[in-house]
Amino acid sequence: MQATEARAPAAAREMFYSEALGDALRLEMARDERVIVIGEDIAEHGGAFQVTAGLLERFGPTRIRQTPISEIGIVGAAVGAALTGLRPVVELMYVDFAGLAMDQIVNQAAQNRFMFGGQARVPMVLRTQGGSGRGNAAQHSKSLEAWFAHVAGLKVVMPSTPGDAKGLLTAAIRDDNPVIFLEHKLLYRTKGPVPEGEHLVPLGKADVKRAGRDLVIVTWSREVLFALEAAERLARDEIEAEVVDARTLVPLDKETILASVRKTHRVLVLHEAVKRGGYGAEIAAMIAEEAFDDLDAPPRRLAGLETPIPYAQHLERSVVPQVDDIVRAAKELVA
Amino acid sequence: MQATEARAPAAAREMFYSEALGDALRLEMARDERVIVIGEDIAEHGGAFQVTAGLLERFGPTRIRQTPISEIGIVGAAVGAALTGLRPVVELMYVDFAGLAMDQIVNQAAQNRFMFGGQARVPMVLRTQGGSGRGNAAQHSKSLEAWFAHVAGLKVVMPSTPGDAKGLLTAAIRDDNPVIFLEHKLLYRTKGPVPEGEHLVPLGKADVKRAGRDLVIVTWSREVLFALEAAERLARDEIEAEVVDARTLVPLDKETILASVRKTHRVLVLHEAVKRGGYGAEIAAMIAEEAFDDLDAPPRRLAGLETPIPYAQHLERSVVPQVDDIVRAAKELVA
Amino acid sequence: MDRKTARDVYRVMRRIRGFEERSATLFGENKIWGTIHSYAGEEAIAAGVCANLRDDDWITSTHRGHGHCIAKGADLGKMFAELLGRETGYCRGRGGSMHIADTSKGNLGANGIVGGGIPIATGAALTAKQLGTDQVAVSFFGDGAANQGTFHESLNLAAIWKLPAVYVCENNQYAESLPVKRAFAVDDIAVRAAGYGMPGLRIDGRDVRAVYDAAREAIARARAGNGPTLLVADSYRHEGHYYGDPRKYQSKDEIEGWRKRFDPLTDARAWIVDEGIASAADLDAIDREVAEEIDRAVAWADAGPLASPIALPGDVYAGD
Amino acid sequence: MDRKTARDVYRVMRRIRGFEERSATLFGENKIWGTIHSYAGEEAIAAGVCANLRDDDWITSTHRGHGHCIAKGADLGKMFAELLGRETGYCRGRGGSMHIADTSKGNLGANGIVGGGIPIATGAALTAKQLGTDQVAVSFFGDGAANQGTFHESLNLAAIWKLPAVYVCENNQYAESLPVKRAFAVDDIAVRAAGYGMPGLRIDGRDVRAVYDAAREAIARARAGNGPTLLVADSYRHEGHYYGDPRKYQSKDEIEGWRKRFDPLTDARAWIVDEGIASAADLDAIDREVAEEIDRAVAWADAGPLASPIALPGDVYAGD
């Protein structure tokens, strides 16, 4: 894959995260007729979060292939299609439904290449979204990146900005491996500059979204926005937090993370998913293992409580890290 | 739950791990008619690993309910049965098949109580087995405890000895929550003393399987045996390794683990599952967070390589920690 | 259907309709969080089926679950309280619309996973069979759910084990934006029953009498130990998939035409009055009583305390 | 079936039988690691179906996959090499019996997940349709797999999309120890096709002519763009579920009776000779040639180097 990092190219346009994703799909579908989109509600309705809006009109119902509710059937069909020459992009409406399709994702897509001794490639993207914040309760609000990241054979991507969303989705579609592409339901209506035309952000590169000297917050997806907000508040108290957006969880950009740790000597790993067994554990353990002597304080994790996501708005907020929680944890860490 | 820890009671009998499990099932089924076993191949055949051998004859085909191959249907039926008054024990033949049933495990069993505001209990056990070492290749050899441990609402148990297998299974059956009970295919034919009659090992208690002063190896399931073997070899070089068998991953017995860390100051977290995102990360991160100042060396993890399990015997051994690897890692750690 | 039952099911249907209408209002006022799915137009199915059930029979429901919940005897106040995120709600504000359960009445919960309740009802039926009771389990689910693997696996299990289960597929013509015509290569979903060796019946889901009669037979069959049945009720949802659905996939004409043609409440009024079971005035009185009940329920719900903070591990684990 | 085809399918069946017999020997000698599942007794199905396929048509197979692999044109040496864990095996020793694939011949792999290949074949058929080729995808699977959700979801998708797919259910009377009679409440699995709006046909899986004819029609139908078909072939596995299966769930009488009654090779020999397509001596010659081929294949496999060490990430990820 030839990927060029284009951070702030000449022509950029303000777009919603959802539009940026749609833009990537549109460009890749125009570029390569083997790219098709498969999923529920993606045609006339334009997808539950409007990412595929307009694509039916442009590419027709065979390339924007709306399916019945049959998650394992759909994902499995995508695996078969990928094995035989298409480059399918599946939209799984909520990551919570992955439990229905996990067998095809893990036992087939992730492992086929290996099991067949290299005879096959499975160039497919599974786009889905997770996270809480919309009152959708416990079966529509999970953050499950840790499941996928544990599976050898998958790549895992979680963009936080519209620009990254477009660039990473483009790279994911061009990747010859199964890529789990995890969006966040509360990011779709966030706006940001998005390079026009072809835009690739290579998989496996973290992004320092804010520089700082006192601690580094390593995070991804929606919590990046919270971390940046927290960093602004901390700055008022003269605490300068660096914010590293991991962006790709697999492959993980250890170098960028470790460089920030070596610079700041204190680290807060932050995510929305349940803390117990979350991917933050991997990052914290990796840091403890590889940068032990650079640490002036224990590597700290701030993450979701060990509970399903509740429905009521005040409860929902109480179980995943909010800006206040980040500010508090950061202050404790540098104290 | 009234649990009594019975480490070495008067009457114990040498049994295979598989027999010890069968013994627990037999006793619990005799004690409580609501306990039923559901699964594939469990009747005349006695289960793929002979755990249910003899139970059909004793309890008949309605309580040893052999099913067609319908993993999500079976697990879901168990959830419904548990919600309405039975205490089902499901045998899922290989943990690798969990991907088919994950929705019922996670979105239903684990969350029902919470989502219903406490109206329900889901007293069920999902017994299954994982691990490599029998040439069953990538779809029959995984170690997936990290998936379950990340899910709020599940308990996760992984016994390493026949005695623990019986005691923990008994406790799991009597627990009012969904318990994921993970056996290891290469432990079934290991032998050890098993207390006769009622025997409970409470969930949430780790076990120091060997005391030592120089480092602690925190591990579970089959790797406990490897760790003990490694410890014997290390002892010849005057390195005394403590071996803590976590036994229950959720709830995790942090106290026992941290006590060993505070005593030895060096820790090796060891498991067969893929290292990336494995539950060892949780334990290493927890130790780094809570016992940072007690550590004389970075907390180290030794675990499976980031690959599906290969078929050929020499390859299979090369991707998960063997005794040699443990000895080497331990020596590096104390060096 | 006897005269009393006719009036009872009419009331149940009216309660469901009233609940959905008031929920829409509350949702429009931003008092309800998340997403809600209206059962308006499908009332005859829940009402007709549940009129044959006892309190100790079980049901599993769907994301579109208010109707089933009400038909199974739920308290409207506790339902509204749940939607409003109150401690007094069925799920103490933890579940919301998609997870309302009322285990005291055998309702094993709405379910946000399409097809997720089907195996659970099957398991409930297994409990009845195993413990030798004469309870029955009914699973409600949509046309969309009939294409899920859980449908297939569950119906087969129930058939081979002769479980006391009834599977009620509510064919409201759509799964979100996908019309049934594009989701099935068969006209009649009930034909699938033959593949499991169980009776399958297509019924008019607008006509509560038809639903009642078919359900009565299926439930009696289940109770008597003669195994499961699949019922497929033709229906139509009056509203969008969820409140706020732009319904780009439907024409105005279609929506308005169906809505008029397909209203189980209008239909029930007509035959109840025609057959002299009750007068229009009697039914108006029921309507008024229900309207007042709903006002009271909302007021009660609104007066309840906000859901209490999550307590861990107790909210998640039993006995801890 | 023309005369040449008849001889060809006989040879294919003999190759399969020979492969299984030799595998059993090697397994008994501890040269094969893991678990293997014999296709002996079911040869007519793979042979009869694949005789109608081109090299660029796709198949998905099962844990009992040797027969499909051979019928689709695999090299026996590379197959044995895989079982022996050699670098020269189809999967370089990484896959073993349950994952042998030969993508050069359109074999998308054996599969250790019961029902796991059904959606994959459906996806392959989608590729053909999408790219406008006239390729066809065939999914082989067992009676046990027909109770998996993947069967249901895949057949429905293929039917509504009119995909060029053929679903071949091998009803060998058992799923591990569970007899079909206890797994289905219907006698004929093929009736399930009606639930998806596709043709379903039950055929005699002992008679390679019957399989061939039914498959020819189904494959032609698929290739012509007229959609999928379900074929259910009655069969019997001569061996246990796996090598070493104590077969506690079967009586000796049953095993011996069926084995004699149900041998596609004996059957084929009979009609081939009867109809004068080849003499017994001709067939004996084929048998000898195949036996020699197998000897050569094993020798070649045995001479190959052990599988090379796992290289990361290259063995797992493409292009890395």
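Letters are used for the chains, namely A, B, C and D, taken in the order the chains are written, and counting of residues starts over at 1 for each.
Definition applied: a contact is a pair of C-beta atoms (placed from the backbone, for glycine too) under 8 Å apart; a residue touches a chain by one contact, two chains touch by 3 or more.
Source: prediction; values computed, not measured.
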- [ ] Could you tell me which chains are in contact with chain A and with chain C alike?
- [x] B, D
Open item on the list: When contacts are scored as defined above, which chain pair ends up with more C-beta pairs, B-D or A-D?
Closed with: A-D
TODO: Name the chain whose C-alpha centroid is most distant from the C-alpha centroid of chain C.
DONE: D
Task: Distance from the mean Cα position of chain D to that of chain B, given in whole angstrom - done: 36
Open item on the list: Between chain B and chain C, what distance separates the C-alpha centroids? Give it in angstrom.
Closed with: 40
Task: Computed distance of Cα centres, chain D from chain C, in Å - done: 45
- [ ] Scan chain B for residues touching two or more other chains and write them down.
- [x] 67-68, 70, 72-73, 96-97, 100, 103-104, 107, 114-115, 137-139, 152-153, 305-308, 310
- [ ] Spell out, as numbers or ranges, the residues of chain D touching 2 or more other chains.
- [x] 91, 93-95, 99, 111-113, 116, 147-150, 152-153, 156, 160, 182-184, 313, 315-316
TODO: Treating touching as the only link between chains, describe the layout with one word: line, ring, star, complete or other.
DONE: complete
Task: Residue ranges of chain C in contact with chain A within the complex - done: 33-35, 82, 85, 91, 93-96, 98-99, 111-116, 144-145, 147-149, 175-178, 182-184, 248-249, 306-307, 309-310, 312-313, 315-316
TODO: Quick one: which bits of chain D touch chain A in the complex? Just the residue numbers, please.
DONE: 58, 60, 89-95, 99, 101-104, 108-109, 111-113, 116, 118-131, 137, 149-150, 152-154, 156-157, 160-161, 313, 315-320
Task: chain D-facing residues of chain A, complex - done: 1, 34, 36, 62-63, 65, 67-68, 70, 72-86, 88, 103-104, 107-108, 112-123, 152-153, 155, 175-177, 251
Task: chain A-facing residues of chain B, complex - done: 72, 96-100, 102-107, 110-111, 114-115, 137-139, 144, 146-147, 149-153, 250, 273-274, 276-282, 284-286, 288-290, 292, 295, 297-301, 305-308, 310
Task: Complex contacts: residues of chain C adjacent to chain D - done: 147-153, 156, 159-160, 182-186, 191-192, 194-198
